[in-house]
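Sharing a structure here in structure tokens format.
Here the chain labels run A, B, C and D in written order, and each chain numbers its own residues starting at 1.
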Amino acid sequence: MMRFLKRFGQGELRLNRTEAFSDGVFAIVVTLLVLELKVPILHDRASVSELNHRLVDLVPKFLSWLISFVIVCKFWLNHHHLLTFARHATYGMVWLNSIFLMGQAFIPFPTALMGEFPTNPLAVSLFGAVMAVNTLLFIALQSYIIGNLLKPELVSAVVPHLTRKSFVGVVCYLLGAAATLFNVHVAFVLYALTPLFFITPPQSRRIVE
Amino acid sequence: MMRFLKRFGQGELRLNRTEAFSDGVFAIVVTLLVLELKVPILHDRASVSELNHRLVDLVPKFLSWLISFVIVCKFWLNHHHLLTFARHATYGMVWLNSIFLMGQAFIPFPTALMGEFPTNPLAVSLFGAVMAVNTLLFIALQSYIIGNLLKPELVSAVVPHLTRKSFVGVVCYLLGAAATLFNVHVAFVLYALTPLFFITPPQSRRIVE
Amino acid sequence: MMRFLKRFGQGELRLNRTEAFSDGVFAIVVTLLVLELKVPILHDRASVSELNHRLVDLVPKFLSWLISFVIVCKFWLNHHHLLTFARHATYGMVWLNSIFLMGQAFIPFPTALMGEFPTNPLAVSLFGAVMAVNTLLFIALQSYIIGNLLKPELVSAVVPHLTRKSFVGVVCYLLGAAATLFNVHVAFVLYALTPLFFITPPQSRRIVE
Amino acid sequence: MMRFLKRFGQGELRLNRTEAFSDGVFAIVVTLLVLELKVPILHDRASVSELNHRLVDLVPKFLSWLISFVIVCKFWLNHHHLLTFARHATYGMVWLNSIFLMGQAFIPFPTALMGEFPTNPLAVSLFGAVMAVNTLLFIALQSYIIGNLLKPELVSAVVPHLTRKSFVGVVCYLLGAAATLFNVHVAFVLYALTPLFFITPPQSRRIVE
């Protein structure tokens, strides 16, 4: 068993292909999101007022798209930052990365659900739950890299508060999910604000001071 | 607050991942556009004349696809050119880039709308408005890079007319959007001609002279 | 004829573009899979219990998505590992790679089929058959690279058991496909377990010992 | 005017971003093709025989997918080979490349059309016409690179027969398109055979001898 687990720490896989695969997934996820904004059906195809009404109906979908886009870009940026910490890739890291990307690739579904049913508490809270799970998957990848693959020159710089900050995201998304029991609009606001805490990646002390 | 803003200027992020993510988004946007060209429904599946009529009906969608494709390629080329100016990436630049890519990723929606309702002034003007916003987002990214990240050897070469030229694009797209009040065909022509001003990227004096 | 075949062994194509193309295909395949998770239709759009029922109906699609995602990630990881063995790319290798990618690009179809008809033995066995064929295509690529393009320093390290291990995958997927004659759930379990044999890439002796 | 045209020959754009963008488009095109293979609708969802019949109905779509996949891979391989000839990228080359990619990105549409209406001569001949145009676009890019950007060390090696061979493809696709006037099956066979002439990229004399 131990010998099996040890295998995951082996292998000097190339970081650049892991990054290329990840960038591909991130890029497709953010671009697929727009497919949910479907062209409406009009009775009078040339009517400005009818199209206007149908576009207003799309506002919740547009908001869901916007929030998701910012969140995925945030994940991409933090992922980019995190991978600069790693000496190289191992099987364990590549698998944690794959599971993290699985979470990212799932995002279009709860985004579409929230956009379609913006007044349905289950649809809106599912979005928050999925984002919380995604943040946990990112924390797992982050802990593995910091624990096993940290570049020697960074050892003194990276401190525990880095992981602690990530948990703030988990809590915020879950608060948003819970808020749907009372009011779905509060959830939308919380989902939109949470990524703003992370628009600069978790700072190592070295950079903050 | 100042300390917070300063953070955006920090970080030596790698330009190559920013480029990889951007190239992914550009590539997916141009390729997704074709999905709007849907296979028509035929009563007599083997009828040449019926298929011919249905294909003629698709001409506005085909034109929208063509115009969008050229515009996105133009943005890609200018983005490619712009990023060669930058010394490295910072958080501020990466976020401006992400917001710019958000605008690009949105393009399939107004393209589909204009292709579906080519006689609807709102649909056609929305296309121009989105392209104007995209050009503004590009100008924001361009100004940030020139103001903060310009390679020292380029400082003397890049002059104000570079940004001025980009504003020509904004004006042209808005003129197209306004033209829909009188005639939607004029808008189509303006949208098709505008990228031709930019098929060579904004020239620095050094290259022009 | 021989002269024609010899051509495939010629050419020093660059591995990096082969990898970039492959990574693109892998990334799109895993991300497209989620498009099968379609937003359900609700009579009462704000009803939590109705949405809950519709989401439970999606469980087979979700499981198919999960299994496919893990399998494609496994193929990506093994492909990544395999290409580190090659000195350079030749036309023969690039074509075997393209045919392998064709198999990967086909995966969304049997995944969608199994997700839609999880109780239909044909749908479930087709999934296993496609995965078996994909594994065979990977074995073909692997044999070609080991036989023709192996880096000199790896010649002593790579041993026959490497290919033998891959055949375990073929057998497992075919067993799953055959199991549908008796019970489709057994097939699901076999499909989910098979990639776990391969979560670390085929080991060369040098690494194992 | 001359001064304007001269601009296209200027600029030392980086080949690697042109390649990354192109690889992205190629990868998405081949992967999107599978989306045409839609899950059929079954009255009895667990019926093996009904699903079997519906899958047999999909055979023309599957064949279209297969032919398109091989053709796009062939274009990718020749594009890959061609770009190794170039010293660097210029605006002219990047635009010819973009127009070539526009042709590639269009391929999913005639593929879907031929798959949906395999007995409709117009649908089948359109496929051939689009492939002929794509080959012409490739020839344009090839001529530009050989005429303007050829690496000095390759000048003596690349000879006229290279472009001549590409025209064979144009003729074959057009023959296929014309064959639909008599028999659509002949067209399918011609489309499937044509890429086989090009599975090894156009050889320069140096390599052939």
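Criterion: a contact is a pair of C-beta atoms (placed from the backbone, for glycine too) under 8 Å apart; a residue touches a chain by one contact, two chains touch by 3 or more.
A quick note: this is a predicted structure, and the numbers were derived from the prediction, not measured.
K.L.:
Count the residue numbers both chain C and chain D use at their shared interface, divide by all numbers used there, and answer same if that is over half, different if under half.
P.N.:
Homomeric contact, different residues on each side for the most part.
K.L.:
If every chain is reduced to the average of its C-alpha atoms, which one ends up farthest from chain B?
P.N.:
C
K.L.:
How far is the middle of chain A from the middle of chain D, if each middle is the mean of its Cα atoms, in Å?
P.N.:
36
K.L.:
When the centre of a chain is set as the mean of its C-alpha atoms, what distance in Å lies between chain A and chain B?
P.N.:
From the centre of chain A to the centre of chain B is 25 Å.
K.L.:
Counting only residues that touch at least two other chains, what does the list for chain B look like?
P.N.:
20, 23-24, 27-28, 32, 35
K.L.:
Within their complex, state which residues of chain D touch chain C.
P.N.:
So the residues of chain D touching chain C come out as 19-20, 23-24, 26-28, 30-35, 37, 39, 42, 45-48, 51-52, 55, 66, 69-70, 73, 76-77, 80-81, 84, 199-201, 203, 207.
K.L.:
Note which residues of chain A are touching chain C in the complex, please.
P.N.:
Touching chain C: residues 7-8, 10-11, 13-14, 17-18, 20-21, 23-25, 27-29, 32, 35, 91, 94-95, 98, 101-102, 105-106, 108-109, 112-113, 116-117, 119-123, 126 of chain A.
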